[in-house]
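Two complexes come next, and they have one chain in common, subunit A, joined by subunit B in the first and subunit C in the second.
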Partner chain A sequence: MKYTNITLLLILPALLFSQAPSAQEIIKRVDKNILSDSKIVVSKMIIHGRRGQRTVEAKSWQRNIDQSFTEYLAPAREKGTKMLKLGDKLWTYSPATDRIILISGHMLRQSVMGSDLSYEDMMEDPFLQNMYEAKIAGSDTVSDRPVWILDLKAKIKEIAYDARKIWVDQERFIILKENLYAKSGTLLKQITLGEVMQVEGRWIPKTALYKDALKEGTGTELIIDSISFNENIPDTIFSKASLRK
Partner chain B sequence: MIKFLLKGLMRDRSRSLFPVLTVFIGVFLAVFFYSFMNGVLEDMVRSTAHYQTGHLRIMTQAYAKEANQNPNDLAFIGVAKLLDVLNEKYPELIWTPRIKFGGLLDIPDEEGETKTQGPVSGMALDLFSSSSVEVRLLKVKEAIMRGRMPKEAGEILIADEFAKKLQVSPGDTATLISSTMYGSMAMTNYKIAGTVQFGVSAMDRGTIFADISDIQVALDMPDTAGEILGFFPDDIYHEKQAPMVAAAFNQEFKDSDNPFSPQMGTLPEESGLTDYLGLIDSMSIIIIVIFVLAMSIVLWNAGLMGSLRRYGEIGVRMAIGEARGHIYKTLILESVSIGIFGSVLGTLAGVAVSYLMQMYGLNFGFLFKNSALMISSVYRAQVTVGSFVIGFAPGIISTVLGTAIAGIGIYKRQTSQLFKELEV
Partner chain C sequence: MIIAKLAFKNIYGAGLRTWLNAIALSFSFVAIIFLQGLYNGMNNQVEKATVDAQYAGGHYWQNKYDPYDPLTLNDAHEKIPGDLAKLIAAKKATPILIRQATIYPNGRFQNVFLKGIEPEQNILSIPTSVLTDDKESIPALIGSRMAKSSGLKAGDYITVRWRDTHGTFDANELKIAAVMKTDVPDIDNGQFWIPIDKMREMTAMPDEATIIVLEKGSSFSAEVDHWQHKDLEFLLRDLRALVLTKSIGGSIFYIVLLLLAMLAIFDTQVLSIFRRRKEMGTLMALGMTRSKIIQLFTLEGAMHAVLAALVAAAYGLPLLIHVARTGYGLPEASDSFGFALGNRIFPAFTAGLVVATTLLVLIVTTIVSYLPTRKIAKLEPTDALRGKLT
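Up next, the complex of A and B:
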């Protein structure tokens, strides 16, 4: 009996590990959770700056992974500002100047509306399996939820973050915490999920805190007010003409 | 006796020409280098004051910590009130607010879409008021290459080199894409009124200049400025008065617990030029010492050669009873005459060349292509009272020192050997 217990104790971790999905399977499930033909999101960003906070509201239309159109709704200074992403190009329109400007080069690294998110963040392919090789680094608990910890290393060259460490909910396959690193190993950003919600069978973040590790301040809260998947979005939305409408 | 010695010197060129030439060259170089270094260092201080720090600079404590990044989110709010206080408390200085900013300048095509664009650094200052100290100090009107000064809101000046790169001319429209002080994207259309060239590579590469009221609107900075600069009316940094003003201001307004309270710094503190300013003070001494040493060695050698050549003459003078001390004294007097003559010639030539260099300057722009230093790429000398005086010290001291060392040999000659020597 004694020997049986010891043997069980020795083989238990191996048994558990054999039941856990592989790293690639985990990120595939994470991607599947957010994958949709299209979605419409109404969100707000609460930006905590060094001189107080302000709230920016926006509505986004997204199709596949490479088409997105965002219109800012508030505050008054930003109202009517629009952004269009088509493939690897990003344009912005400001009603004050009636100009459509291509955001490129070092501008892509700039902050979006003073938040802790950059234009590069908006431009990135959201699907981890397209960009990273993954390996399981361990398991832990985040917000009382059991998680797998995965180390991701970029498998393509042109990428904003060379490495990521993600904490994935073992049941819901949603990333609860994420650290983003530069090639040098420097921590660039931290994303921590607050509330999560289930919409059309998917677990998605309701609130998240983005923190640029290189900036002072307490970060930017992203709050999703509403989200709907697989909506029929007209083609005209994803055109430069819609920026001036 | 001096007249006798001078006649001797003029008749015997070998005794005067080489030493005079040596003194001339040495003094010329000393005067020129002194004036050149004076000009370069003075110019560096002046450029730094005009383009960067003023003679005194006020920023919030938080802004000051990251001043090189122009963190406008930490700028000082309440500029009008503070300017009133400054003008009342320190009327001996001229106070003027500035905003420095960065971003992208985008040039539209006929359809309003991007034709060209480039990263830009900007300086917002008082361009519109008729009594603007900024326009006078920065010589903005003189820097205009094409077009004219901005006259109304929405007009900017752009560096000429940058304008050529972006293929824009006066009258064209450019859109500035930057960030408001709260971090939002700021896009503003401007009309290019003119192009400018300041001779400062860091600015001529990619800078725009706008009136501060325009930029306060564009960057959502009402009654706000990144910095308030103070200038002494004579445009000279007063090293005793400035720290006193700064100390008095900080005593009254700086609050260590409030990162947004203002703090004042002096030009050396703000620019890190403390060591350079110290160098200006000790420069004349350094130059004199170097040239005295170098020329003394050359003239000592010349004196030795002269003594050898005049071996017979000195022997005869000793043989007919002239005292060694008297011979030594006459040689020293000769060297003083040569020193004065060579110094006058060298000073005149040095001042003349320095003056030409002051007028026209030398363009070292190719050395500053990628420089971020706010210093002029045209180097100019500066002729001062010191330029007329500085050459005389090395000119006279070195000839006397050289002759004095070479003349020691006179005391070593034995009178008993003289006739034997003279027979040879």
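Up next, the complex of A and C:
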């Protein structure tokens, strides 16, 4: 009996581990969760600064991974500001100046509306399987949800973050926490999910906190008010002409 | 000769009026020479400081490099070609690698340029030798303006984030090895100087550079593939244009002064012609032609300029020599002028400047003195003798 218990204790973790999908399988499932031909998102960004906080509301139209159009709805100062991403190019339009500006080079490093997100964060390819080799580092619990901890290491050279650590919900395949690292191993950014919601069979974040780890402050909260997938978005949306409309 | 003698007697006889005009005009003399000398000095100083610290004997720029467009920096780097590498090996040139980066002073972020330079170089007057002392951390040299804007001082550590040649983020700590005081804002504002070897390692750009600085007096200007030679004439063009603009702006002041002095001369001439009608009639009656009388009055006016030059020399010479020696102190705000001025400007007065100014004032005064005398050409001697001016 004693030997049976010991054998079971030795075998059980192995059995449990064998039921878990591979690391690559996990990130495929994570990608699948967000993959869609198109989506329309209405969101709020709460930016916590030294002098208080401010909320920016926006509506985004996204198609595939390389086309997106965002229109800011509030506050009044930002209302009408638009942003267009086509491939590796990003333009912004400000109604106050009635000018379209191509954001590139050092300007991509600037924060978006004073948040902890930079323009270049918005330019990243969101699909992990294209960019990283994954390794399961263990399991844990985040917000009372069992998670796998995955260490991701870049498999391509042209990539912003050399390594990531992600905490993936074992049941819903949604990243509940993410750390982004520099080549030297320095932690650069932290993303922590708050609430999650199920839309059209997918688990997606309802609230998330983005924090630039090198900067002081409490970070930037992102709240998704509504999201719809695979919408038919006209081509005209993703054109420079739509910035001035 | 008789006209010159008469003219001298007349202006000598006018007494205080002559001296007042001469003193007013002398202010213009001194102001023009002082301001022009100041701009000459400024130009010399700015050029010297900029050449010493930034341009040396000219540059080679990687084809994609454009200092006015930071967007070009991502791609503006390349392996140093053979001809330029030979110059560098012979210490006749030094390479600089430039990348954009972000620093995080006091929990906020600030965009900067990382500039890799050889610590042992002596082509530019940047104290890069301080970058050799530290083997433990990455040493960085910054200027006092950068130190002020970031709140950093020597010995401080600062986190810096950059992207390597593939666009991958990296971050590390730099140690401020020293804070340099430089008159050249272009090597200071928003810039961190670090050892080029370390920078190449950090950015995965071995043996690469963005610009190559040639030693002073270098005659090397051969065509190099993918690199453009930029001589001093080109590099200093904008700076010279900037100084010229400021000089034109400054000249408004002495133009106004000169105009006021000319107004006084004109006024004196008009008054003089009005009050000396009978004298003119007498001179005509005695056989002097109208043109001779015009010459007399014009010469009298022009003599004010000669007197003014003497008066200006009397008080201006010691004053200008003193300023040339001690310099002209600038307020702190002048740092924002945008070029290498330093704390004091030492005006440069040249013989050419003094001669040109004297000639200018003399010619302008003569013209202004002549204008009111044209009335004399229509003067009838009989009318003049009766005190009439037609």
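Keep this in mind: the second predicted complex is superposed on the first by the 245 of 245 C-alpha atoms of A that agree within 3 Å, B and C clash if a C-alpha of one lies under 4 Å from a C-alpha of the other, contacts with A are read in each partner's own complex, and residues count from 1 in each chain.
Keep in mind that, in the parts below, contacts are C-beta pairs under 8 Å (C-beta built on N, C-alpha and C of every residue); 3 or more make two chains touch, one makes a residue touch a chain.
Predicted, not measured: the structure shown is a model, and the values here were computed from it.
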Clash or fit (per the criteria above) of subunit B with subunit C on subunit A: clash
First (subunit B), second (subunit C), both or neither touched by A:235: neither
Partner chain(s) touched by A:94 [first = subunit B, second = subunit C, both, neither]: first
First, second, both or neither for A:113, with subunit B first and subunit C second: first
Subunit B versus subunit C as contact partner of A:157, first or second or both or neither: second
First, second, both or neither for A:212, with subunit B first and subunit C second: second
First, second, both or neither for A:49, with subunit B first and subunit C second: first
Touching partner for A:183 - first (subunit B), second (subunit C), both, neither: second
Touched partner set for A:144, first subunit B, second subunit C, both or neither: neither
Set intersection of subunit A contacts, subunit C complex versus subunit B complex: 104-107, 110-111
Sites on subunit A touched by subunit B in the complex: 47, 49-51, 54, 56, 77-78, 81, 92, 94, 96-102, 104-107, 110-115
Residues on subunit C engaged by subunit A in the complex (per definition of touch): 70-74, 100, 102, 104, 106-109, 111, 159, 161, 163-164, 166-172
Complex interface listing, subunit A residues touching subunit C: 104-107, 109-111, 154, 157-162, 182-184, 186, 188, 212, 214-217
Subunit B to subunit A touching residues, read off their complex: 62, 73-74, 104, 106, 108, 112-114, 117, 119, 175, 177, 179-185, 187-189, 220, 260
